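Below are two complexes that have subunit A in common, paired first with subunit B and then with subunit C.
So, the complex of A and B:
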């Protein structure tokens, strides 16, 4: 699958805060790689002796097996004063990296998978929202997504109707903008950076840029890890393990329009690492 | 497993292991199923995959007379038709949204699931009652070799182990995996039950050793 258009994309391969000279042995799209800091303390990523492109951003080291044609996508909020940046760590999931992103874009599962945290019965209805593929930025966007949440964030006390915006700026990355309980008018930023280890195995690196002066770092990390571990119990039990890009295998409804747009965008670009096509 | 030209029955579980309001994963020769029992006690078997996003239905939950997927709560009736999509409470799901179902027969404490359309009923195990089930990491051939006896066309195998007479109902799971149901005379004493249970565990270990030896060669 190395002919895939995804080869030239940037992928997260580790936390900047955990770089050391001994290096971290991991993998990228099936190839073993080594992530370390060099004598000057800069991140260095190698595959079989070959030095790979590197950039350091949003708490993570990013690399690519190919030749990235553009810089890593921008998250302007990452430079905004007053935010706390949270390295949540890593969750390994035995699923397609694309399934991990698609699950992140889904709100209808909140009452059943994140029960009494991100959703609860009988508040299961997904109201209409807007989805578009923004041609100028070449990103998938979903806006005006609203959902009732018993505990939307670590900093939330009691239930609120939360508003969400989702963006997919890269095939295995998504950025979520979410109502910020302590600071109305601002958005909390929660990202999902997915490292494709193989077509059916990935390391998920969530990262956050929040307005929250109250919660301890430990509590913030625990909250997100709880959520992602609940998601893992789903992701490792979907059949097939790869994301079906052609219609027929699964049944979307109006609530799944973000997923429909994401799949269409992947297919249009030939981003098929971790995808299942009917032809295969 | 009883086969006829139109289909076959597999003893997938014991009645006692499927209380009302629960769902468990099970296997037939045609693949994995979600086996569930409604609140009123009716057993049903469906494909172990929700057609919405491919989630295993055996991870789901039973409420009343429906089975729901744990991912988005889509619920299905015993006939396999989708009854409710919680994200769209006002929508009546179209008939086309459904999961494949299998016939289920429950008799003498054993739940049988049909593959295809078997023309006959599952076999009667007259006078016998099930004691327990256990999973062996061994194929049918290894179990038969360990028992020194062949299973009949219904999967029933009779043998003597540690001078204990035992009767087993075997269900194919995978090439190297078999589900064993232990059967007893209805009037067996507690001590007899314990002795049979231990004898079957010994038989399982023996079969697993044979299987392991065979696959390492």
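So, the complex of A and C:
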């Protein structure tokens, strides 16, 4: 498979808080890379002696095997005072990096996979919501997503109807904006940053920017790890391993509009690392 | 009783599960195992020089071995979970409690390696895990011939709770449970126990929940 248009994108390759001079050996799209701090304490990423572009943002070190044409996407909330920034930590998943993002965009599975936390039976209906590919920003957006959740966040007590907005600003990254129980009017920000190791293997780095003055940092980390680890076993069992971009055996429903738009956007840009192009 | 707990640790889950099954209330003290490595920090190392969790504190008593914690909870609140005390059954309980350490070292090592990128020889972890699963499968099959559904008796004991989590989570470490029908039936029997609680990667039995009520004419 080719590395295609995705080669010029930024990818998360480590936590800033865990940078050290010994370095972390990892990989990006099949190529071994090394992530370390240099003598001045700055992040340095190398591949086979070649120095790669580096950017430090949202708690993570970002790099690219190619030449990024744009700055890393903006998350204005990351500079907003009063938020708590949560490094959830890496989790490896034996799945396509694109499948990891697609699962993050799905709400219909909440009652069955995140039972009694993000969803519960019989509240399984996904109400109509809006999906668009925003041409100016070149991002996929889903808005007006509403879902009944027994425990929407660590800071929630009791069930609430939560409103969501999903945003895909880069092929392996998604940003979720979600009703913030302690601060109506603000959105909690929960992201999924995915490092593609291979077409069917990825390291997932969830990160959050929340309003929550009550919970301990460890509680916030554990809440999100609980959710993501419930997804992991599902992701590892999806067939086919690669994300199909052409219609084939899968039959999308209305609830899958975001996924359909995400796949269409990937295909339009030739973002196919981790994708299956021929219907089977 | 205070449990130093990590939500993704199968050994901590053993303690939470046992407590839930016998109705013991635990005070949970979350430990930032990943990514923080808090279990290797000064506060927890002072409590447990082995640098592992779970740790259970009850007054002056500090326990750091999960099997000991299970035995303590059962002895205090539900002694029937220790087995009947007959020679063969008592020995089987001890046999499987010790055996559970092999599951932790093999399947647990594979899971930490594959999921949280901890170092180790993944091939060796998986090979030893498969050897342990085969032994467990044979043990459960023989129990079936004796008319017993659980590891040491026809009722669950601490031995079942000690072995269940790492077995159920074997796929997290890249080890399939497909070849082991006796293990799958046993796993189902444990998940069907009153008071069973889940953890990420171990799902509840949805099909055992009450049938949804459908109003006539709604369907």
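Some observations on this one:
Methods note: the second predicted complex is superposed on the first by the 275 of 280 C-alpha atoms of A that agree within 3 Å, B and C clash if a C-alpha of one lies under 4 Å from a C-alpha of the other, contacts with A are read in each partner's own complex, and residues count from 1 in each chain.
Going forward, a residue touches a chain if its C-beta (ideal position, glycine included) is under 8 Å from a C-beta of that chain, and two chains touch if they have at least 3 such contacts.
These numbers come from a predicted model, not from an experiment.
Room for both subunit B and subunit C is found when the two structures are superposed via subunit A, with no clash between them.
Judged by the touch definition given at the top, the superposed model places A:112 against both subunit B and subunit C.
In the overlay built on the shared chain, the residue A:121 is in contact with subunit B and with subunit C.
Measured by the number of subunit A residues touched, the leading partner among subunit B and subunit C is C.
By the document's definition of touching, of the two partners only subunit B reaches A:250; subunit C does not. Contacts of A:5 after superposition on the shared chain: neither subunit B nor subunit C is touched. In the superposition on chain A, contact is made by A:232 with subunit C only, not with subunit B. In the overlay built on the shared chain, the residue A:89 is in contact with subunit C alone; subunit B does not reach it.
In the overlay built on the shared chain, the residue A:240 is in contact with subunit B alone; subunit C does not reach it.
Here the smallest spacing between CA atoms of subunit B and those of subunit C, following superposition, is 5 Å. Touching of subunit A by both subunit B and subunit C, each in its own complex, is seen for residues 112-113, 121, 233.
Subunit B contributes residues 48-49, 51-56, 59, 69-73, 85-89, 91, 97 to its touches with subunit A in the complex. Subunit A meets subunit C in the complex at residues 15, 17-18, 87-92, 94, 112-113, 115, 121-122, 203, 216-219, 221-222, 225-230, 232-233, 236. The touching residues of subunit A, counted against subunit B in their complex, run 108-109, 111-113, 121, 124-126, 233-234, 237-240, 244, 249-255.
Against subunit A, the residues of subunit C that register as touching in their complex are 6-8, 30-32, 34-36, 38, 114-117, 171-172, 174, 200-201, 203-204, 206, 209, 212.
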